[in-house]
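Below, each structure is written out as structure tokens.
Shared between the two complexes below is chain A, which has chain B as its partner in the first and chain C in the second.
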Partner chain A sequence: MRLRGSALVMTLYLLFLLVPIYWLVNMSFKTNTEITSTFTLFPNSFTLRNYVVILTDPSWYMGYVNSIIYVTMNVVISLTVALPAAYAFSRYTFMGDKHLFFWLLTNRMAPPAVFALPFFQLYSSVGLFDTHIAVALAHCLFNVPLAVWILEGFMRGVPKEIDETAYIDGYSFPRFFIKIFMPLIASGIGVAAFFCFMFSWVELLLSRTLTSVNAKPIAATMTRTVSASGMDWGVLAAAGVLTIVPGALVIWFVRNYIAKGFALGRV
Partner chain B sequence: MDKTQNNKAWFLVLPVLVIVAFSAIIPLMTVVNYSVNDTFGNNEFFLVGLEWFEEMVTSSRLHEALGRQILFSAIILAIEVPLGIYIALNMPKKGFWASVCLVLMSLPLLIPFNVVGTIWQIFGRVDIGLLGHYLSKIGIDYNYTNDPLDAWITVIVMDVWHWTSLVALLCYAGLQSIPNAYYQAARVDQASRWSVFRYIELPKMAGVLLIAILLRFMDSFMIYTEPFVVTGGGPGNSTTFLSIDLVKMAIGQFDLGPAAAFSLMYFLVILLVSWVFYTVMTNLDKEEGK
Partner chain C sequence: MALELQAVSRIVKGQMQISPTTLTLEKGTMNVLLGPTLSGKTSLMRLMAGLDVPSAGRLKWDGADVTGVRVQDRKVAMVYQQFINYPAMSVYDNIASPLRLLGKDKAEIDRAVRATAEMLKITAMLDRKPLELSGGQQQRCALARALVKEAGLVLLDEPLANLDYKLREELRAEIPRIFEESGAIFVYATTEPEEALLLGGNTATLWEGRVTQFGPTPTVYRQPADATTARVFSDPPMNFVSCFKEGHRMNFGGLANSPADGAFAALPDGRYTAGFRANHLHLNTHSGQTVEFRCLLGVTEITGSETFLHLTHGNDRWVGLVHGVHDLQPGTEVSVWLDPAHVYIFDAEGRLAAPAAYAAAA
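Right after this comes the complex of A and B.
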């Protein structure tokens, strides 16, 4: 009885999650006339035209390439700087460590709207405007603190004796860190990378402010569909569907890590 | 764990400091600078002191936006936290279906904010959207572009759709870490379902739940893109939350001074609430460690 109740709750909840997505997918396979003139639950005249538009027009598909480039850069940068810092926070006390940790977290709390304009000016003045690295660095603002926070939780779970044994065995710090320590917290790194990917992929305000042509993310490109001839709903829906795909792929690959990793660490 | 006192650990933290300083301190200082200056263009600034702050503290526009923001965050937390816990309790514990649930539930989290907005914009429209179409068919006069209440409901349902999974996933992780022995002991004692929840599951979830509440509070307080895409802050000003108002002021009207003063106070409010959460959280951690 109890099991059935749970299944029902989950089914309802998943339906609630999936119906709006279904509607988007449904629309992406319709022609614009079908979308605006009739109301159908399934595409009557099934068409791939909307996807063809996106995949053949460089100004569309380059949006995806740009997004993927800066998200990857951001994940790499965030993890590279966050790993040693998280190790320091989990193993040592040092002057001002607690204040520093909270200060880092405050950056995760800063509304991006506050930073949009200063970022624009800062990156313009150092000549980074409209480059992938600019967006990647800007996203470090909230991803680095988050990565440090998550990794610190995982590292605290690794007993300190392991470090000491490694030093007695003659490992140097960098070698110990890469050869022994990182494999131990692999699922933590996976979870941190997942969260960095997620928050960088979905962020729009900063990435739109910092780019104009060369590094324009797909999410910003989507605003283009409002043209003189009215909304191009079909292409808009297709573009939306394509932005979901990379996320879905990432989830599929890390699904075991999420289940395991969530339980181990603090996030 | 006992930590060693070692001030050289600063070197390990240094890269983080450099990168965050570049992307946080410099822009923040620029904002502080704007907030005490006025300009007539041509990059000529002159000091006006706290004038902008005074103007903003007394501005009714800010008060209204703040009121809406607090109401919004309160409603969001009141719906998403209990619902998230409830979903987490009902998720399958392991096996194939657990993976399926995990993947499907994470899906809304990985959709770019403006696409979330687009999905609900389309979904709610009376002419082409599934929801709007059926609501008007059964005779409910629903139109989120004209009616403030409908706009609010749409934005709230959208946020619940978007973020409840995060709360649920975090709680689920907390539940997974409860050893089976606890449940067996409860069964021996013939504990009711409610007391199992109250005395076993809730305390074990407390840590992750606080993280979830903290994240949800911060993010709902900063919400910008989704309502902007769906309602554009309208109808009228009814869904103009703080961030939307701020961007309107800073980038739309280029009122840098007031916008900067506004930003700083906005930031301080978030900081204050988060600090309270954080303190509670670390105290909980310490108690657990004992």
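Right after this comes the complex of A and C.
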């Protein structure tokens, strides 16, 4: 009986979780008439038109391309900056190191909206407005501190004696870092990359403020849905489904490390 | 090839971590650094390796000054107490990595790796990752990596401390053989006097960052230069009792007397401290040449065929190690006997005034 009770709870839990996602998928295969006129659990007139619209219209699919470009740039920049920073925090003591480390986290206490105006003004004046790098750099403000925190936790778990043994063996610092050290914290790098990806992928406000046409992200495209012919529900739903896909893929790859990442590597 | 430390010292945050130390480690010698935890064994070793730079003094290798030389450019190897290997590489790659960095060719590396693995009996594990091995095998891998590059100076920092008893005995028995084959200068840090005696060679005893004595291991053991060395180099620590000499009489702890003959005869009259090792206390007397102490018995620990007695004599706390299993009641008064031939006499500054007669004879 206990088993059936827990199975029931689990089923209900999954049902509630999946209903919105199912509804999105359901809608994406319906025509606009069916969506607006009737209530159906399955698409009555199954159509792929919505997906065809997105994958053929540049104003739609370029949104994905733009998003992917600046997210990738952001992940690369964040990790490149955060790896040496985290190494310094984990290995050396210097004046104000603890305060600086905590200060990194305080950057995340302000909502992105606070930075929308200064960033807009700043990037416009230096000619970076509506470029991928502008969004990537803006997201670094939030992602670099997070990546430093995650990586520092993982690096602290590696004994300092490994560094020294490598130096004694004759490794130079860069060689040691790439050949010995990075493989040891590979899961940490993966988790940090995931968190950077996740923030950058879902963040809407800054990416919309800093772009207009050339670097417009998919999330911003989705907010512009009312066209001359009214609301295109089906296309919007299909766009939503396609937006979930990259996140789901990344989660699939790092699923084994996520819990460790939330603990910031501290066991 | 010799490593010379010339008045090397290290100060960390205003604290003297290593007092000025002058040592010469000769080519092909086994040198034991013996001292309790925090006595500076690891700090001294890090200075020798070049991982830390001395605050003052010079380090010379083969006559050349290497004080500020990067650790990568020194010909040293080091094994830590923790089993330090590169977890992402196989055992083979671990051992090969120092050679690859030296730019040796493939065949030569392969030959050296296999020979070293053979010597340390880990040939069967070459394809595995270090973390899949037992503790003893991990440490063998670390030893192999240290030995394969044929460094002139091999530093072993309590390499056996984290191993269980059996593996420890096994590996300890092999270390002198490995040392013989390598021909390098070995420096071996340990907290255990027994280990120093088993390894032989030279011993430097450390106490609070200071080398108290350096010399051939048996000499340091039998003729400690001062009370500190004697305390460090005996396990359980040496027992001490105040004593004085008056004419032809030695008095120990106020009550026990013995004639001041042998080495004691030459001592001027005055106050001294007498030291003796735990195993020289006996629960019965064999000859007339013994001194009797009345002590309060604290705890007894029976370890198979031997019994440790924790004794209180006046204000001094002693440990006695006697053969056989003795059923004694804690809290009672017991008599223990000591042969004056086993007594070291230290002067007021703690320097050795007269060595024990048995040690002087040996």
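Keep this in mind: the second predicted complex is superposed on the first by the 246 of 267 C-alpha atoms of A that agree within 3 Å, B and C clash if a C-alpha of one lies under 4 Å from a C-alpha of the other, contacts with A are read in each partner's own complex, and residues count from 1 in each chain.
Quick note on the criterion: a residue touches a chain if its C-beta (ideal position, glycine included) is under 8 Å from a C-beta of that chain, and two chains touch if they have at least 3 such contacts.
Given the structure is predicted, the values throughout are model-derived calculations rather than measurements.
Colleague: Since both structures carry chain A, what do chain B and chain C do when superposed there: clash or fit?
Modeller: With chain A as the common anchor, chain B and chain C both fit in the superposed model.
Colleague: Could you look at A:136 and tell me whether it touches chain B, chain C, both or neither (first, second, both, neither)?
Modeller: In the superposed model, A:136 contacts neither chain B nor chain C.
Colleague: Looking at A:183 after the superposition, I want to know if it touches chain B, chain C, both of them or none. Which is it: first, second, both, neither?
Modeller: So A:183 only meets chain C here.
Colleague: Output check: A:54 vs chain B and chain C. Expected answer is one of first, second, both, neither. What do you get?
Modeller: neither
Colleague: Of the partners chain B and chain C, which touch A:110 in the superposed model: first, second, both, neither?
Modeller: Touch status of A:110: first partner only.
Colleague: Look at A:171 in the shared chain and tell me whether it touches chain B only, chain C only, both, or neither; answer first, second, both or neither.
Modeller: Second partner only, chain C.
Colleague: Looking at A:162 after the superposition, I want to know if it touches chain B, chain C, both of them or none. Which is it: first, second, both, neither?
Modeller: After superposition on chain A, A:162 lies in contact with chain C alone.
Colleague: Which angle, in steps of 10°, is spanned at chain A by chain B and chain C when each chain is reduced to its C-alpha centre?
Modeller: Superposed on A, the angle at chain A reads 90 degrees.
Colleague: Kindly classify A:222 by the partners it touches after superposition: chain B alone (first), chain C alone (second), both, or neither?
Modeller: Touch status of A:222: first partner only.
Colleague: Once the structures are superposed on A, label A:192 by its partner contacts, choosing first (chain B), second (chain C), both or neither.
Modeller: neither
Colleague: Just the number, please: smallest Cα separation between chain B and chain C in the overlaid arrangement, in Å.
Modeller: 9
Colleague: Which parts of chain A are in contact with chain B and also with chain C?
Modeller: The overlap between the chain B and chain C interfaces on chain A comprises residues 159.
Colleague: Applying the document's contact rule, which stretches of chain A touch chain B when the two form their complex?
Modeller: 5-6, 9-10, 13-14, 16-21, 23-24, 27, 35-36, 39, 41, 77, 80-82, 84-85, 87-95, 97, 100, 102, 104-119, 121-122, 137-138, 140-141, 144-145, 148, 156, 159-160, 198, 201-205, 218-219, 222-223, 233, 236-237, 240, 243-244, 246-248, 250-252, 255-256, 258-259, 262-263, 266-267
Colleague: Over in the complex, which chain A residues touch chain C? Could you list them?
Modeller: Listed in rising order, the residues are 159, 161-162, 164-172, 180, 183-184, 186.
Colleague: Chain A touches which residues of chain B in the complex?
Modeller: Answer in residue numbers: 1-10, 12-13, 15-17, 19-20, 22-24, 26-28, 30-31, 86-87, 90-92, 98-99, 101-115, 118-120, 122-123, 127-131, 133, 161, 165, 169-170, 172-173, 176-177, 207-208, 211, 218, 221-222, 224-225, 242-243, 246-247, 250-251, 256, 259, 263-264, 266-267, 270-271, 274-275, 278.
Colleague: Can you name the residues of chain C that touch chain A in the complex?
Modeller: Residue list for chain C touching chain A: 49, 51, 70-72, 76-78, 80, 82, 84, 86-88, 97-98, 101-102, 142, 145, 149.
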